[in-house]
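Below you will find the structure I want to go over with you.
Note that the chains are named A, B, C and D in the order they appear, and that numbering of residues resets to 1 at the start of each chain.
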Amino acid sequence: MSPQYWGFIKDPLYGYIRITEIEKRIVDTQPVQRLRRIRQLSGAEYAYPAANHTRFEHVLGTMYLAGILSQSLPIGLSDQEIQRIRLAALLHDVGHAPFSHLFEPLLAKYLGKTHEDMTFWITTESELSSALRADGFDSEEIGKLAVGRLGDLHRHFLDQIIRSSVDVDKMDFIVRDSYHTGAGYGYVDIFRLIYTMDILDGTLAVDVTAIPTLETFLLARLESFRAIYFHRVTRAVQIMILKALEQAKDDLGIERIKTPETYLALDDYVVWSTLKRYKKSRGIIQDIEQRKLLKCAYERTFFAKDELFTSVLTNEAVRKQIEGEIATKAKVASEDVSIDVPSLPSVPYHYAVEIEPMDIPVFFKTKSGEKVSQRLTELSKVVDVLKVFMNVIRVYTKESYRNEVMKAAETVFGKPQLHDQVSY
Amino acid sequence: MSPQYWGFIKDPLYGYIRITEIEKRIVDTQPVQRLRRIRQLSGAEYAYPAANHTRFEHVLGTMYLAGILSQSLPIGLSDQEIQRIRLAALLHDVGHAPFSHLFEPLLAKYLGKTHEDMTFWITTESELSSALRADGFDSEEIGKLAVGRLGDLHRHFLDQIIRSSVDVDKMDFIVRDSYHTGAGYGYVDIFRLIYTMDILDGTLAVDVTAIPTLETFLLARLESFRAIYFHRVTRAVQIMILKALEQAKDDLGIERIKTPETYLALDDYVVWSTLKRYKKSRGIIQDIEQRKLLKCAYERTFFAKDELFTSVLTNEAVRKQIEGEIATKAKVASEDVSIDVPSLPSVPYHYAVEIEPMDIPVFFKTKSGEKVSQRLTELSKVVDVLKVFMNVIRVYTKESYRNEVMKAAETVFGKPQLHDQVSY
Amino acid sequence: MSPQYWGFIKDPLYGYIRITEIEKRIVDTQPVQRLRRIRQLSGAEYAYPAANHTRFEHVLGTMYLAGILSQSLPIGLSDQEIQRIRLAALLHDVGHAPFSHLFEPLLAKYLGKTHEDMTFWITTESELSSALRADGFDSEEIGKLAVGRLGDLHRHFLDQIIRSSVDVDKMDFIVRDSYHTGAGYGYVDIFRLIYTMDILDGTLAVDVTAIPTLETFLLARLESFRAIYFHRVTRAVQIMILKALEQAKDDLGIERIKTPETYLALDDYVVWSTLKRYKKSRGIIQDIEQRKLLKCAYERTFFAKDELFTSVLTNEAVRKQIEGEIATKAKVASEDVSIDVPSLPSVPYHYAVEIEPMDIPVFFKTKSGEKVSQRLTELSKVVDVLKVFMNVIRVYTKESYRNEVMKAAETVFGKPQLHDQVSY
Amino acid sequence: MSPQYWGFIKDPLYGYIRITEIEKRIVDTQPVQRLRRIRQLSGAEYAYPAANHTRFEHVLGTMYLAGILSQSLPIGLSDQEIQRIRLAALLHDVGHAPFSHLFEPLLAKYLGKTHEDMTFWITTESELSSALRADGFDSEEIGKLAVGRLGDLHRHFLDQIIRSSVDVDKMDFIVRDSYHTGAGYGYVDIFRLIYTMDILDGTLAVDVTAIPTLETFLLARLESFRAIYFHRVTRAVQIMILKALEQAKDDLGIERIKTPETYLALDDYVVWSTLKRYKKSRGIIQDIEQRKLLKCAYERTFFAKDELFTSVLTNEAVRKQIEGEIATKAKVASEDVSIDVPSLPSVPYHYAVEIEPMDIPVFFKTKSGEKVSQRLTELSKVVDVLKVFMNVIRVYTKESYRNEVMKAAETVFGKPQLHDQVSY
């Protein structure tokens, strides 16, 4: 039976997104509607004023691309399977906490969860679960697929459509973030990627003919990382919000979250207002609202070989220790020094670990139609160089302490080279 | 002395917006930064998911266009005058309450103010005033200019740049709303309007050669009105928020606003969270968060000749009376019937009265360079027909009462014709 | 059997145009490939330098839209029927002569044909005919459909998809001409039109919900007409080329065209080079190549009631007579005066007669799903006013005779009003 | 004295290009107007149907960017200097032969000239020279500047604005070629490059903060090279046209070109028509017009270390020798084998040698405002890897000989690896 369509949703990127009656019912649940109040790029709006888009339009876009890709794959997926994939794509971000990735270290620390865990939890135990079942879907299955952990041994591609180095999630946010920031790095021809994708031994793979697009896509991700997600100002705001969240964690009741509903009651609006009311966090929020932001006093880039060093810094105790050391040398309070490392749990940078693009399978189609697997890094020197890139360490402090903290950080981490700058 | 530039701000519409040191200082004040948390189109995001842009990027864009127009006018404005105009454009919306125009009837009812009054008040009595004075500006003058009430008898155009039928405010929001909604009506060549503008007897005027663009601009405004601002779903959400605001007005303390700071403490985040906490308004907000929206049970279009009738409906007492009458006939509670009229004070539609485009002066330049004033409506039949357009009356109710309320409304207002539909 | 796809063609407007093996074979024939050397807008590049697009990309785009519309119509057209419609759309312009519409009066005068006649002739008697038959198509049927003259009494919509007031041909050129000229009037949401179309009594009809888009579409056509197709400079170049063609008609052998192949041997390149070599036409082409263009000495707009007058001027003998009269009064040679009227056979304006939009059927869908036919002009005052618009008369001459000819034309046609200007 | 503006030209990329009275006079000369009939990307339209843009709009765009950059450079160039730079940018391509770079080997072989030589010649000895002098310009100086050979020892940047690795010429064609092909690689934020440029020791340099944009720009150039300029189909058409030109060189009278006027009489229209008429070249042109193109039978990529090998192949005698050898082995006629190497004089690839980006000076601005020169390749691993990229060798033949020629080529050049494919 062919799908029953409800109608179209207008999207500035893709024009008309056609949705089914089933999708309409799921879109209208509170867990999905809540994403309207969760920003896609918390903090980035301080570098790019127009970056106010939310997870809501992102999940609609991701669902759209998941549908296009599923229909385009030359393996004849059924309407029912495509519907499942689209629903999983729609739900892939329902587990996000307020301020998206920013909240994640608190989830990890106080609940021992990632946002993907929350996505699965909400899909299977909130009103979403009954809504899915009412339409004949297995909410466990959709929940696993939504976070790319279905683990179908013969059909890895099901997970990879939503979660891999070239998944529809990344495709959507690369172009969407570029559209709303105006940053100008993400105008990637993602439809060329989609239309050249195929399945190789159960795995999603890209035709070698799309390597130029793949290179452009990977460079766009890197530049978006530098120019948007890891922009100095973006990170300054994120560090400040994270500090405020830590201060207000009791008032927010993070540790008392026992049901999906308690968790889903939190969104950007509620948390921001709470942080503003609560005495311990109020000052930080006021500073942000008056644009008195932390300043970057020190910045240094590390390459692959320094991974060990970086991973040491991701240990919160070690980091606190060094922050204290820098503070002492600079004669400022310990809390006025913040070390920021991309993959650092305390101020997470979700995308960092995924910059590694080696796991993108590519294939060459011979004249006889046989698909031969290839190593991308052998075919593309650009991809090869992009894969070792980039670890950053920064030290933030208040504007008035900038010089002292810079000098202190230099005695600890060494004097940075000019080329150590990442974003500007 | 030529202006001291601070740097560039990236905007997705205009690329690089260059700002001066002075502008940077004003942008960084709390009253301007607050606009980051005031949506440009409250409610429209329920019809167009990506419509999450804020007043903040709009005022930056308006400042940019004000600068381009000021420099382009062939009357040699000085750098200092251009700076004044740009600052006024930057500040033209600082008086907006949460949810932009939606809040306006409460301002009117409880404070006797419009958002323009608030803009002037904030510009002259908040920290903005001292910031402006510190840079040598007369905050009273900037405040008047920001709301288009400078009233310079010989230079009307100063007010008209910011407030007239073809002002830079409207130019910015027409293209910006289109960009973020994806609605597809607003891709107007506003730079053609700007580059063909001139001053005629102290008044801003458009060269007749730009009439095709002017027609396109005015039609784009009308279609944006129908498709975005007055979309049935947009209005449903707005009516619900307005009801919630009325319920919670004591908790919000609207009547107790005595200082700019009290007023500026309100933004979308704070008010939304308050409405959600407060018992009387909680139910409505929960309904919105679960997308249980009011439904339009009746809709009818009126043309110019019916203005009298419309204006009667804008009287709150009359409207309440008729809502009660319809409710009685439909056997539902009076509060479950909402009459919605564009120019109605209780659910304001700010732009409605400005659809009237007759006051756009146009001129023809003779071979000798003389500019001869023309009547636009004589030159353009399209403009002529656009000017009488459009008054709408709608009756909203809960989904389950739709049929009864429809029938009751028909006995009161008459059976609508098919062509009475406005948005879809 | 589902269609065999050959691959994708990249189009700057629609992204990827997927074509079938059959379409690939037809695209690669000489009659279709020849369209690469026939400009879409001959003459307009002198007003808009980038307007160098050709009929070739236009027919690909038209085929694409025809496919989208055919698939979207809720009447379940078969793959075979959709293929037929796409092929007809692909071929709808193969009959165009060099310089597109510009050549048309010569076709009429010396061969008694229109470009549609030529399209049918070429489709049924050139190599296209055998190519179509080889793939199992009836070339007569495709030929008729390509020019909208299939005349299927129960399925008028087949003709209307390709030839009506809102056909895919017009949709494509409105957005394409805007894209390549940059003129800024044609950013119409044509996909909204397509997705809301349906069949009513065998006729293509537009849902009333798309009226705002329809108004935008019709205004875009009007403004494109004024700003591009009937731009003074565009017309000046067109008049000059037409004069050159008349001079060189023997050398071009227009009257000796007996086979499709002779006709297809003519393209912009060949004809331009011939005009440049041939003594009688050389001067005109040299003038164009040095941008010494005719100037418009007189311009006047006429409305519906003056149709009679306009139609008199379309009579070549009458026009020649009046040109002579003006020339005598201005004391210049008769050949130095050119009267230009949009619908004039000697300098045709193809689109003019189609500005009439009354024949666009619209319908309203009731709750029970019934479609009720509506009169568009009753529903839309904008459409109503657009329909009576616009007839223009202009008199062109050499730059140095401008004043004399202006005065002479004024004694004949009356002094124009300022609002008589059309393009600028 | 401030510049006298004539008006605006509409460009689809930059909107309104404002031009001076002087520029208007130069634009209207025959040498500039002729560029309307010289395609920017001859041959590429067979891979991208909409790639029909010409040198004319490119030189207008280049002039525009030259103006923006000149005004933006913080060294206070005078209006007169900016006018000179804009004029040079406008004229930088007047020396192009028909089919742009395609014709170049014939210029080299029969006249011993490059298109830059021709640009200088035409600027100084055609009507352009007197037009420039009439407005007070030194045509020799403009001519040198137009080809980047002014050689001002203290102001290298004057040449570099128009001719260097990040000149305005390349900026314009990267975005323009992308716009018209739709290829999707060239949406580069060129204005970020322009606004961050400065002068360092008389040399044009880019601020390190723009390195992400620089990387994007350089990758865009590389991908445009692979996907557009060196697309297999593009090159097939180019090889065919070049063969036709060689055949028809006597008829075209290339060796008899003695005056600028003789040269300027050649354009795409004239040459195409001539090739079509002339017996020796007719067959090739007919093949193109029926899309019977040469096919690539062999392709291999070479990296930097193979430069020697590549340069051997650029020797025409050597190449002819090897073509003969392959032909003999494949048992086909020698003329049916074409070896194609990017930097090969006989089928030139102008951009190839410039892929080398090492000469882009970058600088870091210290807090004290001092600009410190940097090595780009040390700062950017991406740039470092892009610089050694890419040499290609291909062997083309007729479709029916493909297999034999492939095998023969493999015995000569070795069996290619899968990763040897460049475009697809």
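To be clear about the criterion, a residue touches a chain if its C-beta (ideal position, glycine included) is under 8 Å from a C-beta of that chain, and two chains touch if they have at least 3 such contacts.
This is a predicted model, so every value here is computed, not measured.
For chain A, the chain with the farthest CA centroid is C.
With C-D and A-C as the two chain pairs, more C-beta contacts join C-D. Between the Cα centres of chain C and chain D there is a gap of 34 Å.
Between chain A and chain D, the centres computed from C-alpha atoms are 40 Å apart. Centroids built from CA atoms put chain C at 49 Å from chain A.
Annotation for chain A: residues touching 2 or more other chains are 15, 183-184, 192. Against chain D, the residues of chain A that register as touching in their complex are 183-185, 187-189, 192, 208-209, 212-213, 215-216, 219-220, 222-223, 226-227, 364, 372, 374, 378-379, 381-382, 384-386, 388-389, 418-419, 421, 424. Against chain D, the residues of chain B that register as touching in their complex are 8, 15-16, 191-192, 195.
The touching residues of chain A, when paired with chain B in their complex, are 9-13, 15, 28-30, 33-34, 36-37, 45, 48-50, 52-54, 56-57, 60, 179-184, 268-270, 272-274, 276, 289-291.
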